[in-house]
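Here come two complexes built around chain A, the first alongside chain B, the second alongside chain C.
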Partner chain A sequence: MDKNPATAERRKERLDRGIKVRTEGIYAISSWQEMCYLVLPRLILILGILLLPFMMPSLYWNRVISIVGIYGLLALGFDFLAHYVGLVSLGGSLFIGVGGYLAAVLNKSFGLSPLFTIPIATLGGAIICTLLILPALPLRGVYFAIVTLMYPLVLFRIIEALNILGGTDGILGVASFPNPWVEQYLILVIVIIALFGLRRLVNEDIGLVFRGVKDNDQAVKASGLSITYYKAIAVFITSALGCFGGAFFVHIYMVAGISLFALDYSVIPIAATVIGGGGTLVGPLLGCFILVPISELLRAFGTLRIVFYSVILLAFIMFRSEGVMVYAQRKYHQFERWVKV
Partner chain B sequence: MSGENILQVTNVSKTFGGVQALLNVSFNVRQGEVFGIIGPNGSGKTTLINCITGFIKMDSGKVLYKGDDISRKAPNQIANLGLTRTFQIMRPYYSLPAYKNLIVPLFSPRARRTGGWRGGGKLGDRGTVSIDILEEIGFERDSFVPYKLASSLPTGYLKRLELARCLALRPDLILCDEVFSGLSMSEIASMVPLIEKLQMDGITLVMIEHRLRELFRVASRVMVLNFGEKLTEGIPEVVMADERVKEAYLGSEKLLDYTFEA
Partner chain C sequence: MDILIYGIINSVSLALMAIGFTLVYGISRLPNFAHGALYVITGFLVWSLIHLLKLNYVLSIVLALLIMGLLGAAIYRFVLIRVRGMATSEIIATYALGLAILEFLRWGGFKGMTYTLPVFIEGSVNIGGIPVDLQRIIVITIGVVVVAFMWLFTHFNKTGLALRGMAQDEHAAMMLGIDSDWMAVVAMGMGSMLAGIAAIALLPLGNIVVEAGYNVLVLSIAVCIVGGLGSWVGAILAAFMIGFLQIITVAYIQSHFHMVVAILAIIITLILKPSGFFGKQKELEERV
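Entry: the complex of A and B
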């Protein structure tokens, strides 16, 4: 893969950059250079996200940005659960579905405006999802994944068979946002808050407990902490992100149909995490910003779209299996040079 | 030394499938003593600790801790009562630095209740408290060792980390599952005073050990298990003079003699 593979005479040397702030001390404020080293990547990311609606002003691309935001929230939640709590969740479509239907019902039956339906659907949906997943919390690995995948399929069939909540037609005529700017910036700001909130959370004391549960749940039990309780909190956080996405989705498309339980919402966040780099939190978000627009651009190929999409995914997994963000972070923190042996 | 019984174990039995791991094991541990549990490999010592601390549900029997029945409680509830344990196979959080390993127990309800400002000492900083605990247990404060990832620490430090996790909970009783195993002689030599210090701090210790010489330096009484049954109990010298104990420990040697003769 590498154009210049190491030989007997030379090899690649990786050195940490001579930036003191890497030691995580008080050096961050010792000079402009140190501060910029820390602030610039974050600033570029935040400004980049906030300026997206200006860079792509067409109505079509605005909608794409909103969808990217929803997938971004799901991917953040997936990465948090998988890499910091040790629960591999395929429940993305469950969260979207529950949040979406809840918001639609609140709006249509109770006449609440999006200002109220979205927060209520976020918290209420998260409680419902957490209660649904609660019995599966002692499970690990692929078993937990299967249970979380089962729920959206079951709810899909229940709504279809019992013809409740609008049946296969869905709930039509849900209120929309007052204007596209509110829609755009609501999701983008929430994405930024979720990203930096989760990054902060995993380094707080409670975040260390989450990581402890992932590393060694027996030791957490021996430390006097209930692992079920902390797993439930983590699932609540993740499902709140997903349910917000669902409620938001319903209000931008003004309809809540059974397609809310589509498996895309479970699978694409995982693909985004693989591409972006698991465990970095920002990686999966960038993964969504790469994957979803590519999927839109490929619409020009018609039915061959999925083929090209798969090839791009495959290329990422083959040649950058560590993930874009892990690669970028390494390049940022270290420089490489060839040395004679 | 003749304090009240802090732990009373009565007729604990456990089978795994057809294997009788424990059969009617009973013993009492007095407040403030060091109580040893010895026995050949596979005699059920670790299973006994797992049963007491709730990691394994016992089939029958009763465990009283400070007079309360804890035989049906969950492991985390038992740990919160001040009955903590170490694991024979060390269970640190490998992806966290050593001192951050201790933030997890410091986050527990017991540490928050008993340890001052929500478990974090006067300033509410759990990191500082965990460095203090690590120093107490033998991590050099001014070195890089407490800040190293647990995955890069050698066995000796990991064993200490196990003990430190117990100490973070401010325990009344620690069940130590082979803290000396896998250590070099010099590491053991530095561990023994640590155990003595814990005892002087008023912590009761139950120690499973194969290193009998070091155990007998600290233990006031020992119990011998063999094939899940209690053989005998008493002060170390008397126990080791017992014929049945010799047989249990040296049985393999007899077999060895036999093969030489044949």
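Entry: the complex of A and C
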């Protein structure tokens, strides 16, 4: 009950716009206006991302955009896995680390160019990560989260202890991209493909099964489908995105070190998802576009920036757990008005 | 012989670190990822009270523990109560909180010099030809006292019994008139105090560093998971298992594998038997 006397007699009514037919994602379009209503947000997003490199003041900021892209891929993967398959993975840095080291080794030891190392590291890394996570797939909730959180930590310590793969110094002198534009557009195009590809995927039949696994795995089992198989596919997709990010990262910074397993890659995507709005897929990407540049601006404050985004994350999860994008979509798709009770 | 002695000391330290984490998780099903941060913050508090306010050692310890208890209760009452029951949000919220505390201390608290707490009593004794300093003996004593106290508290005190009731079946406990939110506040306050006691016992053995926060968290999770969540006896047995494993690894393989052992123990236990080797609760709920 609303205790405030001024608003006690009224409530907020929300109505869907007439263009929406019965359910999410099906629309009846009868004019250019309505077409624009649907196409414009997507167009603005795609054009915005593609034009972004031209709007940056310096090469430094172009580099920041590449980093945003890497975090964006991780965040997309996290959102997909958490909200469509029901697996909360805290191991973003596992994917980055495996993909990164694989690309670096392929480049340094076998002399392959980035043209080959990136695809091989993406697929190979995804297979390795999926195999690592495979035994943990029957686990639920917190347990799966803890296992995925521990994997990067253990790999970090093992590389440090055995002094393999360059030990604490890392693998230096990895080949870089031929020019900054290739680097920039490669990541941005991949991000766009990943975003729209995942959106398509979750609405296909297999997406339905994924959501079934999340909501009621016993029902999926009863339908004669293997839950582990579908979970493995989802983990494979997510880790492919992450491993691509890792391979790309190694090639732009020309070094693969144990910092690839740093907690940043696990924490920032989650923060971006919470801020952007979980379950929308676009939200986490926007979250990255907000968080990562802010974090770069605050670089002068040292570790205080980690405090800063932890506090933002905490505030969002306590007070606005739906996130920016869910809020924005609601405002865009619905009328709101006050009506008398 | 030294493996036996240092194994016991290491195991008791692990048990001390983990008991607060187990308490909070066992009672309110809340994985407190800020546990390591609470551990480090206690060390920092005691150090500040001694060196900035010039209080004596015993008084600052008592004061720091009280502050920790209140802090833990406040964290639950004002932050975690809002995300209660949403497993993912609980992890993210406690983890963000822990990260914020630790990184804030790294930025504003610990820089320049090294920070240490004085040992309680100087000197060492010989046990079977191995010199062991008195602080380590005190750690064992504190460990035994804390475990004994917790056992007595949860078996013969009304609040303690209520806490156990909550741990076993929250709904039934609520029907019997146990206020579950209040109990969770108490649990969280006690959990923070236990983290504080662990810090006060163990920190004089080395420097106070921020990284300890992350290590303590990993070790507590390891003990808690290997032992079985919510199982006290299990947690203590697990502390001894991991403690001895660590010492044996350090003695025979390499000291770098100290933490690897704990992390691998977590992964392997979760994969083989997610309810832990001694846990009996909720065996069916964790696996598909």
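Keep this in mind: the second predicted complex is superposed on the first by the 297 of 341 C-alpha atoms of A that agree within 3 Å, B and C clash if a C-alpha of one lies under 4 Å from a C-alpha of the other, contacts with A are read in each partner's own complex, and residues count from 1 in each chain.
The rule is simple: contacts are C-beta pairs under 8 Å (C-beta built on N, C-alpha and C of every residue); 3 or more make two chains touch, one makes a residue touch a chain.
The model shown is predicted, which means the values in this text are computed figures rather than measured ones.
Novice: What is the contact status of A:88 with respect to chain B (first) and chain C (second): first, second, both, or neither?
Specialist: A:88 sits against chain C, while chain B stays out of touch.
Novice: Please indicate which partner A:303 is in contact with in the superposed arrangement: first for chain B, second for chain C, both, or neither.
Specialist: A:303 sits against chain C, while chain B stays out of touch.
Novice: More residues of chain A are touched by which partner: chain B or chain C?
Specialist: C
Novice: Regarding the shared-chain residue A:313, is it in contact with chain B (first), chain C (second), both, or neither?
Specialist: Second partner only.
Novice: On the A-aligned overlay, A:157 touches which partner chain: chain B = first, chain C = second, or both, or neither?
Specialist: Only chain C; A:157 stays clear of chain B.
Novice: Applying the touch criterion given at the start, work out whether A:212 contacts chain B, chain C, both or neither, answering first, second, both or neither.
Specialist: A:212 sits against chain B, while chain C stays out of touch.
Novice: I'd like to know which partner A:178 touches here: chain B for first, chain C for second, both or neither.
Specialist: neither
Novice: Report for A:139: first if it touches chain B alone, second if chain C alone, otherwise both or neither.
Specialist: second
Novice: Just which bits of chain A does chain B share with chain C as contact spots?
Specialist: 221, 227
Novice: Looking at the complex, which residues from chain A come into contact with chain B?
Specialist: 205-206, 208-209, 211-212, 214-216, 218-227
Novice: With touch defined as at the start, can you tell me which chain C residues reach chain A in the complex?
Specialist: Within the complex, chain C touches chain A at residues 31, 79, 82-83, 87-89, 91-93, 95-97, 99-100, 103-104, 106-108, 218, 221, 225, 254, 256-257, 259-260, 263-264, 266-267, 270-271, 274, 285-288.
Novice: Quick check on the complex: what are the chain B residues that touch chain A?
Specialist: Residue positions touching the partner: 53, 55, 74-77, 79-80, 84-85, 87, 91-96, 100-101, 103-111, 126, 165, 168-169.
Novice: In the complex, go through chain A and note every residue touching chain C.
Specialist: 82, 88, 90, 135-136, 138-143, 145-147, 150-151, 153-154, 157-158, 160-161, 217, 221, 227, 267, 270-271, 274, 301-304, 306-307, 310-311, 313-314, 317-319, 321
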